[in-house]
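Note that chain A is present in both complexes that follow, paired respectively with chain B and with chain C.
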Partner chain A sequence: MTFFLFNLLNGLQLSMLIFLMAIGLTVIFGLMDILNLAHGAFYMIGAYFGYVVFQATGSFWISLAIAPLLPLVLGFLLQYFVLQPLIDRGRSAHLDMALLTFGLLFFVIGLIDFIFFETLGLTFMSIDKPAGLDSYINIGTFYPSYRLFIIAVGFAVALLVWVVLERTVIGAVVRAGVDDREMVRAMGVNVYFVFAAVFALGCGLAGLAGVVAGAELSIDINMGVQILIPTLVVVVLGGLGSVKGCFYGAMIVGMTETLSQAYVPALALFATYMLLAAMLVFRPQGFFGRAPKTV
Partner chain B sequence: MTLTRKISSLLAGIGMLAAASGSAVAQDKTVKVGLLTDYSGVFAQLAKDIEDAWMLALEQRGGKVAGYTVEIIKEDSENNPQAGVQKANKLIKSDNVAIFGGTISSGVGIALAGVADKEKTPFVAGFAIADALTGKFCSPYVARTSFSANALQAATGAYWAKKGVKTAVFMGPDYAAGQAMLAGFKNGFEAAGGKVVEEILTPFTKTKDWGPSLLKAQQTGAEIIYTFYAGAEAVQFVKQHAAFGMKDSMPLRGAMWIYDESLWDAMGGAQIGGIHVTNYTNALETPAAKAFQDAFKAKYGRLPVASNAMGYTNAVAIFDGLAKAIEDNGGNLPEDKAKIISALASLKLDNDPRGPVSFNSSNNAIQQELYMVQIVDGPNGPHQELIDTLPYGEDLPGCKM
Partner chain C sequence: MSRQPAKGRAKTAAAKAPARKTATSKTAAAQETAPAKVRPATEPLLSVADIHTYYGDSHVLQGISFDVHPGECVALLGRNGAGKTTTLRSIVGLTPARRGQIRLGGSDIVRWPTHRTIRHGIGYVPEDRGIFSSLTVAEHLDVALWAGKQSASRRDEVLKIFPRISERMEHYGQQLSGGEQQMLSIARALLTDPRLLILDEPSEGLAPIIVEEVRDTLARVKKAGTSILLVEQNVAMALALADSVVVLSQGRVQFTGTPAELEKQPEIKETYLGIA
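Let's turn to the complex of A and B:
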């Protein structure tokens, strides 16, 4: 029984880490119709910048507070000065944006490799867990306290995003911007600024996930591509643009990965992909996605 | 013309003269040696380590072997057998190398053994550990200076069983190397009376969380976890093992990859106390090991790591093997290049930093002692301490030359 309970905790922990990534991706896709494959790059930027801040200050908490700001600012600049102008010029096909951001992902990976490996000689890095979270608690078996922290962060972010999007004026503007951009603009709202701000927040959350993961996993050159795959699966499962769907999708992927590894290791490698395939066959719009708009 | 201009043109003139005299020297006999290793991909750091060691060994020989000036030609095998074969063919056919080596990836190593055998050009694996390289794919044109998975792991398995460990869980990545390490460990451990109670193989490079597997290992109540992970997976595994409070209840044992020194910073202290087998450690106090450490430090300003020592043995075997083959042939490079490998395999490298090194004449594979080390914290940071030496294991049978 405890074995099962602890695996549920492990599943929850992984789910929350993936959720932090997927929430930005899904909101950006839902609102702006941009499949931002560079999301993995913002995750990496968060982790690497988090490492730099941690090295400079020695504090996990300062790193957690400051590091997501860099991907946030870069995300804003990317959307406002690069992606939006391209969309305005008619380059808004999904494939165009996916290719552009995919290229950007590899550019960032190359740049990070050049700075950290080629120049500084660093291959694997890590951020030390803060005092109080660097140990384990005894609840039947030893369980790492940092994992409980990851779960808490995931729930807090989920709640915050939901409240902002569903219960505030900002959220109302964002949702209105999706449904009828021209009308919102006519009412005096700078839609482009709103879009860029949402894009930036999504990237900031990816950066936050990078710092959080940097302490539990390791910071290395493959981290961005690795996390991107389950993240995309979550977005498909949950339905594009749905916050609720993203949350449940992340839970399903995290639990599937964890429980398959614990109980049926032979399936661990492709359990998630089986889920993805089944979803695409039976309910391609995802659990909570809207049916495709008819023109 | 200003004074600086005059001086610089003067310097240019001197430079040209120096170049001219340099080319006069180059008219001496030259032997080309290929350094074909995985400069790009996950082994990039190891490739640099090997190159650094090669350059040190060459410098110590004044850039020459038996009167021949050595010209090193570097190529990138990209951790990809296809790229490796392409570059090996380029080295053999257009550069005319006498011998090539350095290779890290086992997949590339096996592919290159095929090329070496077909083109009758010697190849000396520097890091590749696949058993088949000196087993099924052995050749009079192929030698190995690293070790085979079975020899290292069977020796270690036997060591732990003889130390009184009765039960172990094996954990590692689910791909060729992980499976080879598991088989080797099991061979040695179970032959000496131990029992592997659970084998947990996790998806290679796809696993993000070791929690479920660690909990499963805990359930078995085994005495130790024996493990083979490398790189990012090693960092995450060691950290999570410590985070689950298992360092005392079910300690980790493994080989050098799991506790590689380049990973220590990223492990943030979780590596302290770790015990593992290795084929080189800076804790060795032999004159040869000290000389190597001093020379390496003098050239690069830092102490060597195990992969530097692996690269060094690789380079020394190649250079000294070449020198012996040339001397045996009256001062000329032998036409039959298999003689280079047989000269190499007859070397007794008593002054190798890894301890006395020799080669098995039946498959040209290295023989050396192994070292059990522990990572301990000290005033100058964590370092390795030598706790035991153990004999090398057997290569898997299967070589017919």
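Let's turn to the complex of A and C:
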């Protein structure tokens, strides 16, 4: 029972980390129809910049507050000055965007590698856990308190995003944009700004996930690609643009990865991909995906 | 793009377009001499001058010109594919015109992005009504208020015109009937307090009794002083509301005049509207 509880919490922790990544990606994809494969790069930028801020200040909390701002600003600039002008010129096909953003991911990987490894000689780094979250809590078994913190952050962000999207005017604008972008423009909304703001927030959340992960996992050059694959699986499972779908999708992927590793290790490598394949065959729009557009 | 002098802009739209050996030029020439066809002395609220719009290489609008004056209702009529919807989309910037001039309240808006044009005083009701399936009625109104930077009191004013909408505030767009969706679409457009309300086929797909309701609503909107530009297949409804009629065919203006003048031109009605 203790072993099961331990793995259940681990699965929950991984689920929340993936959720922080996937929520931005699913809203960006659902709203703007942009397949942003550079999302992993913003996760990396958050983690590495978080490390830099932590080294400069010695405070995890300052790092957590400041580091997501860099991917947030970069995300805004990328959408407003690079992606949107390309879309306006007719280069908005999924393949165009996937190639561009995938290239950008590897550019960021190369740049970070040049700065941190080639220049500074750093390979595997991490941010120190803050006081109070660097110990273990007895819940029938000794469980790392920082992992509980990750679970709490994930739930808090899920609740915040849900409140913003479902209970505010800005959220209604975003949902309306997912339904019919053109009509939102025809209501007098500057969708370019809304798109850039949503893109930026998605990138900021990826950066937040990077900082949070940087204190639990190692910060290394492969982290952006490693997290991107389960994130994309979550987006497909949950359905594009659905916060609820993203949450449940992240829970399924996180739990499947963790529990399969614990109980059926032979399945661990491909259990998630079996789920993905089954979803694409039987319900390609995902659990909570729907035919968008106006009625 | 050179700006026309004010005096020139106040002329009839047909007079601004290049002379063509079509029914347009003949009809327009006849209008110039008829006392009943004198336009209001005011500056046009909307002035569309010789616009050309393309879908890819397809030259859809080939020099459309007309004016809408303050408080006036102008009906754009024509068969399917005449260019009516494209004209509206060009005005609001959803399908921008490549050439020509569109002035709204004195500003040249032809190169403006859609949101800027809308904020300059246009309410737009699209052909498919543009109701969001994932938003409640209340959220539709909230978004329109937010986009138009209007206060909640504006919502109360508009809802007085649409009592049925106020009874359905918590319903989602997809749960409304066709008539309710149309009313919501018009209410949403009015929430921004537009100077010009543009409607594309507001009676399409509605039961006759609902069409009457829509017509009466638009009549009240017009009476309140809002200018209306109406695209409509229901010619009877359009003529009942319109002060001025523009008949389009194949992307060109074929007739400009009052409903009474159109009644006197059976060949125009038959050729371009398919009615005797």
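A few remarks follow.
As a convention for this text, the second predicted complex is superposed on the first by the 288 of 295 C-alpha atoms of A that agree within 3 Å, B and C clash if a C-alpha of one lies under 4 Å from a C-alpha of the other, contacts with A are read in each partner's own complex, and residues count from 1 in each chain.
We take it that a contact is a pair of C-beta atoms (placed from the backbone, for glycine too) under 8 Å apart; a residue touches a chain by one contact, two chains touch by 3 or more.
Computed from a prediction, not measured in an experiment: that's the story for all the values here.
In the superposed pair of complexes, A:G90 makes contact with neither chain B nor chain C.
Looking at the shared chain after the overlay, A:G188 reaches chain C, while chain B stays out of its contact range.
When the shared chain is aligned, no partner comes close enough to touch A:G132: not chain B, not chain C.
Using the contact criterion defined above for the overlaid structures, shared-chain residue A:R147 touches chain B, although it does not reach chain C. Looking at the superposed arrangement, the partner reaching more residues of chain A, out of chain B and chain C, is B. In the superposition on chain A, contact is made by A:L269 with chain B only, not with chain C.
In the superposition on chain A, A:V173 contacts chain C only, with no contact to chain B. Within chain A, not a single residue is touched by chain B in the first complex and by chain C in the second. Residues 3, 6-7, 10, 13-14, 17, 117, 123-126, 128-129, 136, 141-144, 146-147, 216-220, 222-223, 226-227, 230, 257-259, 261-262, 265, 268-269 of chain A touch chain B in their complex. The touching residues of chain A, counted against chain C in their complex, run 169, 172-173, 175-176, 178-180, 182-192, 292-295. Residues 92, 94, 113-115, 118-119, 124, 126, 128-135, 139, 142-144, 146-148, 173-174, 181, 188, 192 of chain C touch chain A in their complex. Residues 42, 44-45, 174, 200-203, 205-209, 211-213, 215-216, 218-219, 231-232, 235-236, 239-240, 243-246, 262-263, 265-269 of chain B are the ones that touch chain A when the two sit in their complex.
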